[in-house]
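In what comes next, chain A is part of two complexes: it sits with chain B in the first one and with chain C in the second one.
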Partner chain A sequence: MTASTLASPGDTAAGPPESRRQRRKRERLQEQAAAIPVHLYGLRRGTVTLITVACVLFAIFTLVPVAWIIINSTKSQTGIFSSFAFWFSRPFDFFHNFALLFQNVDGNGTYFQWFGNTVLYAALGGGGATALAGFAGYGFARFRFRGSKAYFYVIVGALLVPVAAITLPLYLVYAKAHLINSIWGMILPSLVSPVGVYLMRTYVDLSVPRELIDAARIDGAGEARIFFRVALPLMVPGLMTVLLLSVVAVWNNYFLPLIIFTKNSLYPLTVGIGVWSQVAERSGGNSDLYPLVVMGGLVTIVPMIALFLVLQRYWRGGMLLGSIAN
Partner chain B sequence: MSAVSMEALTKVYATGAKALDALDLQVAHGEFAVLVGPSGCGKTTALRMVAGLEDITSGVLRLEDRVVNGVSPRQRDVAMIFQNYALYPHLTVARNIGFSLENKKIPRAERDERVRAAASVLGLADLLGRKPGQLSGGQRQRVAMGRAIVREPAVFLMDEPLSNLDAKLRVQMRGEILRVHRRVGATTLYVTHDQTEAMTMGDRVAVLRSGRLEQYGTPRELYDRPASLFVASFIGSPAMNLYEAALEAAADQCVVVLGSQRLTLAPAGAERGGLGAYRGRKVIVGIRPEHLAAPGIEGAKPGIEGAAPGIEAAAGASLTVDVRLVEPLGSAQLVHFTIDAPEVREDPAEDTEQLAEGEIMDTPVANGIAVTGPRTPARAGSRITFGVDPGQLHFFDPDTREAIDTGR
Partner chain C sequence: MSDTALKAPRNAPPRTAAARRTRRSAWSRRRDRRGLAFVAPFGIAFTLFTIVPLLYAIYESLFTSRIIGGTVFSGFGNYHQVLTSGAFWGGFVRVIVFGAIQIPIMLAIAFFFACVFDLGVAKASRLFRTIFFIPFAVPIVVAALMWGFLLEPSYGPITHLANAFGFGGTNFLSSGLILPSIILIAIWEWTGYNSIILYTALKSVPRDVVEAAILDDTPLWKIILKIKLPMVRPAIVMLIFLNSIGALQLFVEPEILSYQGGSITNTWTPIVDVYNTSIANAQYNLGAAMAVVLGLVIIVVSVASMIFRRQRGELS
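And now, the complex of A and B:
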């Protein structure tokens, strides 16, 4: 008997390649089929209704600020103050506000500059934090070295320290290290992500089987090659989670840039809009800056939503499919 | 010079668990050696130590003549097939098989050539572009083998490579692994918990128990001359029937007292080997199910269709038992019976039939199995007499549990 005749029984042939649409649809249906229908939960009808109402109320509560910022981004300065806060009013100034946002309205560096700064800090800080978390998480999950447990507990401990608590000491160190008004002052602390390391360690433990690493060792791969060629592709969904979390953290960071930057041209969006907002308040409610503060806030959150949507496709199951039997 | 040589190889894990206790094992060039034993006996540990994936606590490991205790896996020239295949899920079959060649920086053209050659040996030629997720269990198994043979290593290590396949495929792959082995001719160390696999595949088989080597020999040797009670009960299917018995001292003959029955050994056999020293003492006697032969049915009427003519077993060499259950297998029949002798169990995992609750063991009753021809008219509830060839009996010391040499 030849091997090819042996190959047939029980072997499943993969059909014609599916299109992206077909695959999405199949995955959605599979997900639906995997979930237990609500009427089988063993809950009483009244309980289900109650939980649903509670969820809806919570969703409304969470979405109110988003609704407010969208509605008010369409208003003129007087509209913001004189009309009902949760409905539209004339004139419809959305595009006017949007265009104005990217012009030099205050004469000293502008929204556009801050936007660029934020993108730079988030890309370097968030990207770097993700890379470091990937290395460290893999190391903690798959190597035993002297003090590895102790180091890991230190990192878990760091999870419990609020960032605000270390900002002042950080400032004092920075003053000595000439990191005030330096972009490195913003980026270096952003590279350290205890949550990221913790998440990646857990993720590697669950998704990179030891046997796979052993197999690669037997196959003669060096440790670096094992990491990049074998482990890293399996770590992608976890890394994307860490990337999203750390980019959002840098994007939204307000306190750190507030104390280390004194130059307008170095501000990220958070601090810049804060400055506009203060200026507007000092003018006692008739500043032209109000619509820009609102529109600036709206434009600030859009890239994060986009990032989430882009990264979403990495959070699909089945990465290990076919690697390890049962 | 052996291809693989383990000398007093010992492994104590960080937890304090002694997984391997002074294992001595030599595998000759081109030999297919099987490491067999129940789950948890240290087989995987031994294999991983040879591969270099596990530290050696003490002892010496040699590949060829070179001591490799501290040598990294990639400098040992061994290939390993893992129990769960451990394929790279994001790489195609071709890249999976060729990964080791990539690591050795072998030029692309040669790599492709060798991958294709290995794939065609295994019938994978049409699947080179697929990912492991698109393969069946048997195909994945073959990819794992391809990954090993493409390297042309000095030693193949296989850790229960067939345990994740269904029974039919397992038998097929058994043949296929042997076919590849003969073709490649490389030294192989194969681990399994399945004694059938060990017996059918191994040139030599090492039986391991709790990290210790019980016996190392050809399948024939293990079957004919098990060195210990453990090997006797582990090798062979169905397992050997084992009973406590007494060896009665008589003037010119030796009698095995088994419960209420007496088996007379031929006078010549009375002094066989070391057995003479056990006269007047307790021994454990073993009878393989396939050696309980051609029964005469008590009260069976001659002439019933298919009934074997009641062969009168030679006086003193027959065993009468009560049939409890008959399992027809088509080509043969398994006759489960009870006998009034104290039973000996070696493998606690085999403890399938316990006494029913409240049943009192005033008279010892032991279970047993016989393999008979398909038409032997044994019925549950009947009494049956088997002929026993005294030369086929195995004897063990009840204290040391080691075999008593009968000069065979």
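And now, the complex of A and C:
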């Protein structure tokens, strides 16, 4: 695969700015031009309909839990248990439930505090991971220093080490280093993204020409200047993909915050909702936490889905990287 | 800015035999040391938050803390206890069964839809592509909670549906059905993501090969199975690999579903076992030994499969 399939011209070229609508149209046209017209496949009549039906069925399977959580976020606790699960029921409690997210219900913690924590952890951890991966990917792709191959193999090896197997060791170190119940205990390990380094090395290899860097050197530019002025603009689509993947990784992380935080004011969303659900289940339906669990779940997934829809073209580029990576 | 290409050679060290042998100009080596500076920030974080914890876990795993007598060196005592524990290996077997069922089903569905998107043989395929990818943006905690509600034995709508179809008294969270239920959740979570990766891999199949096959009147299913499938084999192998590592680490789904019923034991998967041993029961040293064993098993399996693939010429 060549670099040209990776970054479409609109991603990097410094032409006149393209509006979103124009870009979408161009992408659709490119896709149509690349595809072989369906009638050439010699399919039997009705095959397209049959396959579309299969797509619809899988889409229903995909959307059932999402529809359920949207509908049930409007219900009271009794509504969740006694009314038909896929339709609305009275009373309409959406705003009441939403308001509860700002309160510390039964002393188990406040949802919006967790939301703020999660945004902080994801921004610092994901942003930092992307910066480190960008520097390191560039370093590995465009320099040959003593031991560079060996270092890189160690990082590729780290891809194989299960994250969960590192989490308990981290906890043991934190217990000695006083990082239990510290936000840095959550943020600092999130900076390590071997996948990000691997993807960025591949991306730099494909999209930052050596000749360009050499030309800048001959012109007398220092390495830092070359990186920020010449290489970085070309690396932006790759960096966006790594940012997206590392933000999602922090946003979804459950095991690490579960074991290093004992104060509920430090929880991220995943742990907070998990604790709510545990309290709700243990009380055997006597607590009124179920609407909060449902509403909290909804508010957790909405920003992520929005992020993915807005940045669609970057994750598509990222998946492309994934296919090169093998 | 001082280290320019033109200026540097003057600072070159006196030539030794070794320097002549490498024949690499001094300025390029100087520049290369700058490469180390780019890699260093990641290198430091990687050392502190991956290498050091792993080494420390190995160190801790060699001790045992007793109620009387404090922490004492016990050599491989913890490892002996882990390796002879039926419960630990039972969890291992369970995640292997989980992966052996979930991964092939998921990849088959993912490959089917990847082909559909690649060929454009469904209507509104861009819309479906976006919908199928949505679960990837849902944290596993929330996914497990939603499915936990849907499958709940007394009020869960899917349980009602099963009852309506004559499967009265079905309990999806009972010890017999909990594994299939978690397989279902994992398929929901990951099919779209795998499908998009396969779709992008399929896009790299040269168009003229497919066109030539069409001109030869090759049926579509043959084009898919005999031309496209072999060409995306490396991507499929990679996905099997990544999903297997993920399966061995199964933790969040069983942990969240364990709140709802008693069919998930404290040793249900290796990571559930690590969590309960070290955090809930405060047997840190034993937990460390478990984490080390788990990590080693995964590394051995991955290295072995890499060597196998390299021998077959699938890795460059």
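Criterion: the second predicted complex is superposed on the first by the 248 of 326 C-alpha atoms of A that agree within 3 Å, B and C clash if a C-alpha of one lies under 4 Å from a C-alpha of the other, contacts with A are read in each partner's own complex, and residues count from 1 in each chain.
The rule we apply is simple: a contact is a pair of C-beta atoms (placed from the backbone, for glycine too) under 8 Å apart; a residue touches a chain by one contact, two chains touch by 3 or more.
Remember, predicted model here, so these are calculated numbers, not experimental data.
By the document's definition of touching, both partners, chain B and chain C, reach A:R225. Chain A has more of its residues touched by C than by the other of chain B and chain C. Residue contacts after overlaying the shared chain place A:A150 against neither chain B nor chain C. Of the two partner chains, chain B is the only one touched by A:P233; chain C is not. After overlaying the two complexes on the shared chain, residue contacts for A:R217 are found with chain B and with chain C alike. Of the two partner chains placed by superposition, only chain B is touched by A:P209; chain C is not.
Residue contacts after overlaying the shared chain place A:L172 against chain C, while chain B stays out of touching range.
Of the two partner chains placed by superposition, A:A33 touches none, neither chain B nor chain C.
Applying the stated contact rule after C-alpha superposition, one finds that A:F308 touches chain C and leaves chain B untouched. When both complexes are aligned on chain A by C-alpha atoms, chain A residues 1, 217-218, 220-222, 225, 319-320, 322-323, 325-326 touch chain B in the first and chain C in the second.
The part of chain A that touches chain C in the complex is made up of residues 1, 5, 28, 34-36, 38, 40-43, 47-48, 51-52, 54-55, 58-59, 61-66, 68-69, 72, 80-82, 84-86, 131-133, 135-136, 138-140, 142-146, 148, 151, 155, 157-158, 160-166, 168-173, 175, 188-189, 191-192, 194, 197, 217-218, 220-223, 225, 227, 248, 251-252, 254-255, 258-259, 269-270, 273-274, 277-278, 281-282, 293-294, 297, 300-301, 304-305, 307-309, 312, 315-316, 319-320, 322-323, 325-326.
Chain contact summary for the complex, chain A toward chain B: residues 1-4, 6-7, 9-12, 14, 209, 211-212, 214-222, 225, 229-230, 233-234, 318-326. On the chain C side of its complex with chain A, the touching residues are 1-6, 31-39, 41-43, 45-46, 48-50, 52-54, 56-57, 60, 109, 112-113, 116, 119-126, 128, 130-143, 145-150, 155-157, 160, 188, 191-192, 196-197, 199-201, 203-204, 207, 210-211, 214, 217, 219-220, 234-235, 237-238, 245, 248-249, 251-252, 255-256, 259-260, 271, 274-275, 278-279, 284, 287-288, 291-292, 294-295, 298-299, 302-303.
By the touch rule above, chain B contacts chain A in their complex via residues 48, 51-53, 72-74, 78-80, 82-90, 99-100, 103-104, 121-125, 130-140, 142, 147, 151, 164, 166, 168-169, 172-173, 175-176.
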